[in-house]
Amino acid sequence: MMSKIVRSMTRPLYPFIILFGAYLVVHGHLTPGGGFQGGAVAASAIALLVVAYGGTRMFRKGTLTAMESSGLIVFISLAMVGMATVFFYNFLANGGPIFGEAIFYGPNPGYFNTAGVIPLMNMAVGLEVIGGLGVIIIALGKKAFEVME
Amino acid sequence: MNFTEHIPILVIALPLFAAFLTPLMGKISRKAPRYFATAVFVIVAFLVVLLANMVYSRGTEPIIYTLGSQNDTIFRIVLEIDAFSIFMALIMAIVSLAVSIYSWAFVDKYSGQDKFYTLLLLVAVGSYGMVLTGDMFNLFVFFEISSIALCGLVAFRTERGESFEAAFKYMAYSTISGLLLLFAVGIFYSQYGVLNIAKIAEGVGSGPFNELNKIALGLLVTVFALKAGSVPFHMTTPDAYSEAPGGVAALYVAASQAGLYALFRTCFTIYRPVITTETIGWVVIILGVLSMFVGVTMALVQKDIKRLMAYHAISQTGYMLLGVGVGIAVLGNPAALDAYGKMAMEGGIFHIINHAMYKGLLFLTAAAIFYRVGTRNLNEMRGLAHTMKFTTIFFMIGALSIAGIPPMNGFSSKLMIYESVYQFSPILSAIAMLVSVLTLASFVKVFYSAFMGPKNEKVDAKEVPMSMLVGMAILTGVIIVFSLFPGLVVDTIIKPAVEALLHGWPIAGGM
Amino acid sequence: MFFGIDTGSGVWNAVMLLLFLAIAILIAFLLRSMGIRGHRKRVHAGEPFYFGNEVPESAYIKASNVYWGFIKAMEKYYKPVMAEHTGNVNDYMAWLVLTMAGILLVIFFM
Amino acid sequence: MRKSVAFGGLLLVFAFLLIAAVNLHGFGDPTNTEMDDYFIHNGQRQTGANNIVTSVVFDYRGYDTLGEATVLFTAVSGVLIALRKEGGEE
Amino acid sequence: MIGNAPYIVVGFIIFLGLYTAIFKRNLIKIVMGITLVESGVNLFLITLGYRTGGGAPIFTQATNMHMVLPTPQALTLTSIVIGVATTALMLSFIVMIYKHYKSIDAKDVRRLKG
């Protein structure tokens, strides 16, 4: 439990941190970033909450573990759908119904609708990383407070 | 979609998918994860057998499965599966199946069963990934999965501080070793610009044995000997084995043998052309002899039954290192390789599967004793043979086998090692026999103090539940088959494995 | 070979051994059946004889004492080896680094 | 005594690291770059991603990424096992 | 020789990490040492892929077509995540060790020996 200043600043700030993390995740195939980085940024918002409020009022562990498991299941399912050819085949690239626009060698302004399964995998991994790191932070913080007493 | 084409990846992807699903299964009911996980292990064992059938029908040519796309194989991650890989996968399939059935009753009284079975599946995934992969960095990733999952399992019994101590020590050790492995991978990458093992092997073979490759070899030998639990790095092994709950110790044996796999793969597949002197073979042999001797002598003074068996696991690892080490030492000498090197390697590799079976069985019986008596201290138990009849029989079979008493399978592999190593160096063979005698002595001690003597009225030591007996019976059945038909086993799975190791890997695909 | 293995200098066949064992047991039974049928055991035969003292409640030796003599004789070896297993993480790390240095040294200058 | 021996071993390992450092390819001048050049030149066409690192992570070496996500999952399971409610018995 | 200074720095970081793991008795410091080794290895992988004057391998509005190698960056990403996972696990073990032993000194945490 930190001081009032930290708490009142945390409250408006943390949605923006999560938003920035989400931006990194969904633009992972165009700009620096991706599932892991964006997920880690978003999980830092959870860390901020844990530090500021000293408790776990905002996120429940059950939700986060469900996010983690579902992200991973989506990830491996995407890989398994590609098994019509081989495991991890990028079946949406260059002509799929979503993210299927084709691009060719050379610089370009960055088209969002490209890269096939990669954005989907980024999102799945982002979900997993938010859930996983969030659970670790909350569990560790809770136990540490408990042990210190 | 042709199903058989995808079996190699399904062996890894299926338990992985199941591991992600298991926490959700735990929300349905308390017992759902155990039946789910066991069903998955059965299916995976079936797939491994199918895959083995495919591999053995192809001779020394490995199966290559490219991940991601079919076109640019050399730049993608590949699975390369030859007879030696599938041999290790078979061990893991049998042991993981037995352990998962055994654990039904054993973890029943603990909370967190869904996570227990998740980690059990992940240990299996780690080992399968390590033995089936054809990519150096991928080997590192699965090495880490296997170590981390094992550490989580070691810390399963939260009421004891010792389990966290053991988990921390093992974790610190395996993390450092994983990082050294990554450093070696970096050295290979900097020189050859690829991560494919076959391509690295071509690069290593094409040039002289330069300084960088020497350093990488040193690091790799250290890392994989540590994973296998060889002597100067064995310190955390007994801790982790003895604190692992129930059957996990048996799984641990199989998982640590993936380290042996990687060590032999390094020496034979990557460094085969440049090993012309006996030095590297002697490094492995000395690690092996030290493991054998220190392991068995330390086991003799233990009074904790699982710790004693853990030291024996170290000691038996020494036999494998000795056998295959002789094979490595004579690699540059084709005449000696044909005369006794191959036989030594066959003995060492046969010992791997024998060891996984009988040591797994012994750990399961030790956990059964702990389950009923509530202590691992040999001083506090006696007369268990009066009530735990089946466990006694299983223990006797395992103990006779590990001591190398003639009709059992332990004798066949040890005989092969003795006779071939004798032609290389008689002293080593004599040490191996001495260690075998001491092994028998310490198991006589365990048998005497745990099972013989007057009945202990203070504890209610009735027979263990059915699922635990089934788990032990699976391994016992394998041991009996191996004891009666050693020639069949050697001809069908051991000799192809040795041939595959000596043959090396072709490079997959073109540019 | 189907049942056995040939190590080059020796042969091993488990089924054959069990066969011989069965024959040996058969012979033993035959010999036994030729013995005197009316023999009776004497009283107290086969029980332990505690010279002079009273028979204790339990004469069961604890596991720690089983190989006392061997361990005592090997004390010179056991003392340093047991002392090396300190249980301290730092020492274990030191062993790791030392052995790695040794292996690197041997392989580098071979 | 023990400490100085350990420090000697550490120095020896450091010496080998330095030998490796001196023998490695020059900084900023990698020698074998076929694989990476292939990724740079074909990554956009094959996977459609502008960010080549992402296309390596999720397409060319996607299997490693699966393993990596699994490591995180394993660690979370391990943390939850280690820090779960006390007692063991339910 | 001087061109390889980054590799020498990497070696020094690994040396410092191993030193910390061997000579510091606080368990958290040992974890820090291991993390230091990990940082060294990550730095090593990144340095391997550098090309003089190269830009980031991202084509979105790229001006510099001379790019550094992408593979080491992907490997480093994997290695960082693995590092996070292991560190979290080790720290949670330390919390529990403190609970049971009331100490995180390596000299006190040695019930398992012999």
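So that you can tell them apart, the chains are marked A, B, C, D and E in the order they are listed, and the count of residues begins at 1 in each.
To be clear about the criterion, a contact is a pair of C-beta atoms (placed from the backbone, for glycine too) under 8 Å apart; a residue touches a chain by one contact, two chains touch by 3 or more.
Quantities reported herein were computed from a predicted structural model and do not represent experimental measurements.
Undergrad: Please identify each chain that touches subunit A as well as subunit B.
TA: Common neighbours, subunit A/subunit B: D, E.
Undergrad: Find the chain most remote from subunit C, comparing centres computed as mean CA coordinates.
TA: A
Undergrad: Of all the chains, which has the CA centre nearest the overall CA centre?
TA: The most central chain, going by mean C-alpha position, is B.
Undergrad: Pick the pair with more C-beta contacts: A-E or B-D?
TA: Between the two chain pairs, B-D has more contacting C-beta pairs.
Undergrad: Just give me the whole-number Å value for how far the CA centre of subunit C lies from that of subunit D.
TA: Result: the chain centres lie 45 Å from each other.
Undergrad: Could you give the separation in Å between the centres of subunit B and subunit C, each centre being the mean of its C-alpha atoms?
TA: 24
Undergrad: Could you please state the distance in Å, as a whole number, between where the Cα atoms of subunit D are centred and where those of subunit E are centred?
TA: Comparing mean C-alpha positions, subunit E is 9 Å from subunit D.
Undergrad: Taking each chain's centre as the mean of its CA atoms, how far is subunit A from subunit C in angstrom?
TA: About 57 Å separates the centre of subunit A from that of subunit C.
Undergrad: Could you pull out the residues of subunit E that touch at least 2 other chains?
TA: 14, 18, 21-23, 27, 30, 48, 56, 58-60, 71, 75, 77-78, 81-82, 84-86, 88-89, 92-93, 95-96, 99, 109-112, 114
Undergrad: Using the touch definition from the top, which residues of subunit D touch two or more other chains?
TA: As it turns out, subunit D has residues touching two or more other chains at 6, 10, 13, 16, 19-20, 24, 30, 33, 35-36, 39, 42, 44, 46, 50-51, 53, 55, 57, 59, 61-75, 78-80, 82-83.
Undergrad: So which bits of subunit B are touching at least two other chains?
TA: Correct list: 16, 20, 23, 67-69, 137, 141, 144, 148, 151-152, 155, 158, 164, 167-169, 172, 176, 190, 211, 215, 218, 301.
Undergrad: Hey, which chains are touching each other here?
TA: Every pair of chains meeting the touch criterion: A-B, A-D, A-E, B-C, B-D, B-E, C-D, C-E, D-E.
Undergrad: Could you pull out which subunit C residues touch subunit B in their complex?
TA: Touching subunit B: residues 1-10, 12-15, 17-18, 21, 58, 60-64, 66-67, 70-71, 74, 77-78, 81-82, 85, 89, 91-93, 95-96, 98-100, 103-104, 106-108, 110 of subunit C.
Undergrad: Contact residues on subunit C for subunit D in the complex?
TA: Residue positions touching the partner: 91, 94, 97-98, 100-102, 104-105, 108.
Undergrad: Which stretch or stretches of subunit D touch subunit C in the complex?
TA: Checking each residue of subunit D against subunit C gives 2, 5-6, 9-10, 12-13, 16, 19.
Undergrad: Okay, in this complex, where on subunit A does subunit B touch?
TA: 65-66, 69, 72-73, 76-77, 79-80, 83-90
Undergrad: Going by the contact rule set out above, which residues of subunit B touch subunit C in the complex?
TA: Residue list for subunit B touching subunit C: 168-169, 172-173, 176-177, 180, 211, 214-215, 217-219, 221-222, 226, 232-233, 235-236, 277, 279-280, 283, 294, 297-298, 300-301, 303, 339-340, 343, 378-379, 382, 406-407, 411-412, 415-416, 419-420, 423, 441, 445-446, 448-450, 453-454, 483-488, 490-491.
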